[in-house]
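Shared chain: subunit A. Partners: subunit B in the first complex, subunit C in the second.
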Partner chain A sequence: MSVIEKDVILRNSRGLHARPAALIVKTARMFKAEIAISKESDTVNGKSIMGVLMLAAPSGTLLNIRAEGEDAEEAVSELTKVIEMEMEY
Partner chain B sequence: MGEQDSFIGKKTYSKIAFGEAYIIYQESHSIQPHRVKNIPEEIKILKKALEKAKNEIIKIKNSLENRAPYEIFAIFEMYELLIDDFFFQKEIEEEILKTGLNAPFILYSKTEERVVFFDKSEDPLVRKGGDDIRFVSDKIIFHLLKQNQEEKGLQDKILIAQKLSPLDLILYSYQGIKGIVLEEGDTTSHVAIVAHSMGLSYILGIPNITSKVKNGDTIVLDGFQGVIYKNPHQQKMSELIKKMQKQGELEQLFKNSNNEKQTTTIDNKPIIIQANLAIFEEISKLKALKPEGVGLFRTEFLFHEEHEIPSINRQVAKYIDIATAVPNSIPVTIRTFDFSADKTPFTLKHIEQHNPTIGLRGIRYAIYSNIFKEQFEALILASQKLSIKILIPMVSSITEVEYLKKVEAEILSQYNIEKKHKLGIMIEVPSSVYLINDIANLIDFLSFGTNDLMQFFLAADRGNHFINDLKNPLEPTFLRFLNFAVQEGLKNNLFTSICGEIASNPLLIPILVGMGFESISCSPFVIPEVKNIVSRLSFEECKRFKDNILKLKTPKEVEEEIYNFINANYPDISELLIK
Partner chain C sequence: MLTVKSLFLDNRDSLGINSIVENRGLDRKIESHRTQKTALGITGLYLYVHSNRVQIFGNSEIAYLNQTSKTEQFLNITKLFQNRTIPCIVLTHNLSFSEVVEELAKQYQIPLITTSFTTEHFIDVITELLFEKFAPETNIHGTLVDVYGIGLLLIGKSGIGKSEIALELIKRGHRFVSDDVVKIRKIGPVNLYGFAPEIIKHYLEIRGLGVLNIKDLFGIVSVRNRKKIELVIELADWDPKENYDRIGLDDQFYTVLELSIPYLKLPLRQGRDIATIVEIAARNQLAKQQGVHSAKTFHERLIAQIEENSLNSEF
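Let's turn to the complex of A and B:
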């Protein structure tokens, strides 16, 4: 069972509001791996929209993604793309 | 058929609609805790409600796809994720098992507990997350409390609620509702502007209506009279249906006569018929309505999804989107923000104001804060590529116009570009009428905002019901003042357009044409009608008619004179307008 961890900076200029949060959760749910996202000492389940929303991360926040499971590596790489994406809405 | 009754609200001049009542209760607040006897049964009921609520959300989401703008579709996508969350799917069940209390109460209290975090946030976007969670929770509670009631959806329903936010109304209108009745709000409130823009029939300001009507009651809503009928008896119903058919026939007639040709009177005076818009979503409706321009695009709602004022770049993108989305590249007049303290979707840090209507708003707020400069800059940049006119609200003194010109010059030199936009001011503060002569060489056009002009001229508060009789656009003193103002504009070769509420009232068109307005900017849905009427008028005749009107002494005399004129010239529409 592989565990992959990575620090990623949230790029969306308006922070982790509904739209990017939804995209993160939808992406996380595509994988079998358990996914945890942390902001400083707060850690939430990356597959729970309520959790990700509660991170209330503003733009520029350093987020830590931790995935555990057979497809952990792919999950982290896809989630990195989403977290680093700038969104229109 | 249920008990019949009728209720009076404010006239909105929206067309007749009928349908089944659908009441939106804000019921979760009255839920009390109690122990349940059969816990497994309570959990079964909860699971069923979760499933129904989820299906409902998915159904709405699917119906919105390809029909509503993506921002609106995305909100329901978000709701779907929320209802699948561990919180709703598991935590609520665990709490019921632990406490033995009723599901609606647990759902309500756990939700409130959970949203405290969001409500406390200073970031409006985070607070919005709390609203989203509440919305989903309320949907589940609805199904818990009404297990036996099949959810039929909102298609063709008349929505009845205490109050609604403009965004909620946009969401509902995409689900096919026919009309709305609200306990709160008046005809100049933002929810009214949105209702009008979406082409809905609506009536506002009927106290306690949510407790006087039941789900499933037949409701006929007559915006022209400001009345709703509950389960009308046969005779009344057939009368209303006849009226509705007449409105339908006229609408068809107006639609058929509508074309892209420039509107002129029979004696060939061109009158440019434009649309007033408030939200981006309305643009898609213009193609069928064929306006010759957008005479007023309010920007207070343009960013209703944003909950904060966007950066210059994002604003430029939005203004370019607007000017490219309109059909036939018609010119678009965009008005800078006019936030009055009581109605803004943004959480601007508002200053306590004793009387905000005549306080820091429009250009005054602009000078006070940086928001305006950024918006002005974005508009000037967008107008480099597309036909955009910039309109400034609430101008009352020459210092403001001088300030505008200074900022304009600074922006142009900063980017080293030439002025391609037209700059205009709203005539809505009486003093501005006496400014026209002095500023004519500084600006390009005038746009008359008659709602505010009338309220300030007659010193009659738009929101005060005690003086409703005073707020009459047929008041001869007001018409004389308006006429004087137009002549000031025309004398100085300034393009004069009228965009206030009276421009959407077909009865007043002959007077406005007679005064010499070069453009009428009205609610998009009356464009075909206004075009039809204008194209049957004679300018010379309207001038004489207007001169006669201005000699009259009372609003009543003015009204009678208008009816006489319409009866003589437009017998086919008089039946509808004259009641």
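Let's turn to the complex of A and C:
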């Protein structure tokens, strides 16, 4: 079982509002790995929309992604893309 | 970080605050959940006064100060303020600080606060508040519902159906606390309380419907702000190889913040009405809390029957 951890800065200019949060959760759910996302001391399940929404992270926040499972590496790399992306909305 | 300002101004009424006599130093930090009656600390024996604890003056401190000369007061209080980092001093019974204490507090920037409460009452209230402020806290991925007064935490992997079961329970009149993320605080030595993170309070997510406001849809009685957690139920996919508890004789526990909470694992399978099973689990937990243990009583009956059978077979 591999564990991959990475710090990523949230780039979306309006922060982690409902749509980007939904995109993160959708991406996380494509993988088998257990995914945790943390903002400072708050850690939530990356596959849970309410969890990710709860972070209420503004643009520029440092988020930590931690994935555990066979496809952890791929999960972290896909999630990094989403978190670092400027979204249209 | 807790400051004197945030503790006392946010809880003015519950702490019976009358006035802030000295407001310099309101940004001082409170770093202990304990308070201290200053007592001998004002007689020059500051050694046992703990820095970082809210200091409390009551009748005895004021009576002592009133019968000592100003010079003596000045020397003793100066010693205290110079040697200890006190966040603030609270005076109970609506009493007044002496001139010397007020003068020195101004100089050393130590907030002076008066309350109309008696010392015992004030200590009770502030201790409870501080316990809560300093309580260890964690987040759990799960859904918390109050079922017949039992705080029931549903856990299990994403997509297993925690929110759907919670929704069915709410529809049956049970009360919703938090969905998907539950903040858990250990208050006092044995109690765990769960509540919703402010931003998602009252909201529950159902795949296909989106985010729903339970309070708007079901009314004020369908929600509650926090609930003591008394039972953890893990929902799991039915695994024919796993040995699920068939009797219920051995109580299992789930550990959160170093405390053990009664725990059950419920396998999901088509045709099993999970909301009903969860309701019954809550009833069973209520019974256990009152000393009635279905499985144990059944087991005792069985043992008695076996003994009786073996006696009969001897003849």
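We take it that the second predicted complex is superposed on the first by the 89 of 89 C-alpha atoms of A that agree within 3 Å, B and C clash if a C-alpha of one lies under 4 Å from a C-alpha of the other, contacts with A are read in each partner's own complex, and residues count from 1 in each chain.
The rule is simple: a contact is a pair of C-beta atoms (placed from the backbone, for glycine too) under 8 Å apart; a residue touches a chain by one contact, two chains touch by 3 or more.
Keep in mind it's a predicted model, so treat the numbers as computed, not measured.
S.K.: Look at the residues of subunit A and decide whether subunit B or subunit C touches more of them.
M.R.: The larger set of subunit A residues in touch belongs to B.
S.K.: So in the superposed three-chain picture, is A:K26 touching just subunit B, just subunit C, both, or none of them (first/second/both/neither)?
M.R.: So A:K26 only meets subunit B here.
S.K.: I'd like to know which partner A:I49 touches here: subunit B for first, subunit C for second, both or neither.
M.R.: The answer is both, since A:I49 touches subunit B and subunit C.
S.K.: Return first, second, both or neither, reflecting whether A:H17 touches subunit B, subunit C, both chains, or no partner chain.
M.R.: In the superposition, A:H17 contacts subunit B only.
S.K.: Would you check which partner chain A:P58 touches, where first means subunit B only, second means subunit C only, and both and neither mean what they say?
M.R.: The first partner, subunit B, only.
S.K.: Looking at A:K81 after the superposition, I want to know if it touches subunit B, subunit C, both of them or none. Which is it: first, second, both, neither?
M.R.: It touches nothing on subunit B or subunit C.
S.K.: Based on the A-chain superposition described above, do subunit B and subunit C contact any of the same residues on subunit A, and if so which?
M.R.: Comparing the two interfaces on subunit A, one with subunit B and one with subunit C, the shared residues are 18, 45, 48-50, 53-54, 56.
S.K.: Name, in rising order, each residue of subunit C that touches subunit A in their complex.
M.R.: 139, 141, 158-159, 179-181, 197, 199-200, 203-205, 211
S.K.: Which residues of subunit B touch subunit A in the complex?
M.R.: It comes out as residues 70-71, 74-75, 77-78, 81-82, 84-87, 114, 117-118, 121, 123, 125-126, 128-129, 132-133, 305, 308, 311.
S.K.: Quick check: in the complex, which residue numbers of subunit A touch subunit C?
M.R.: So the residues of subunit A in touch with subunit C come to 18, 29, 42-45, 47-51, 53-54, 56.
S.K.: For the complex, give me every residue of subunit A touching subunit B.
M.R.: Subunit A residues touching subunit B: 13-15, 17-19, 21-22, 25-26, 45, 48-50, 53-54, 56, 58, 89.
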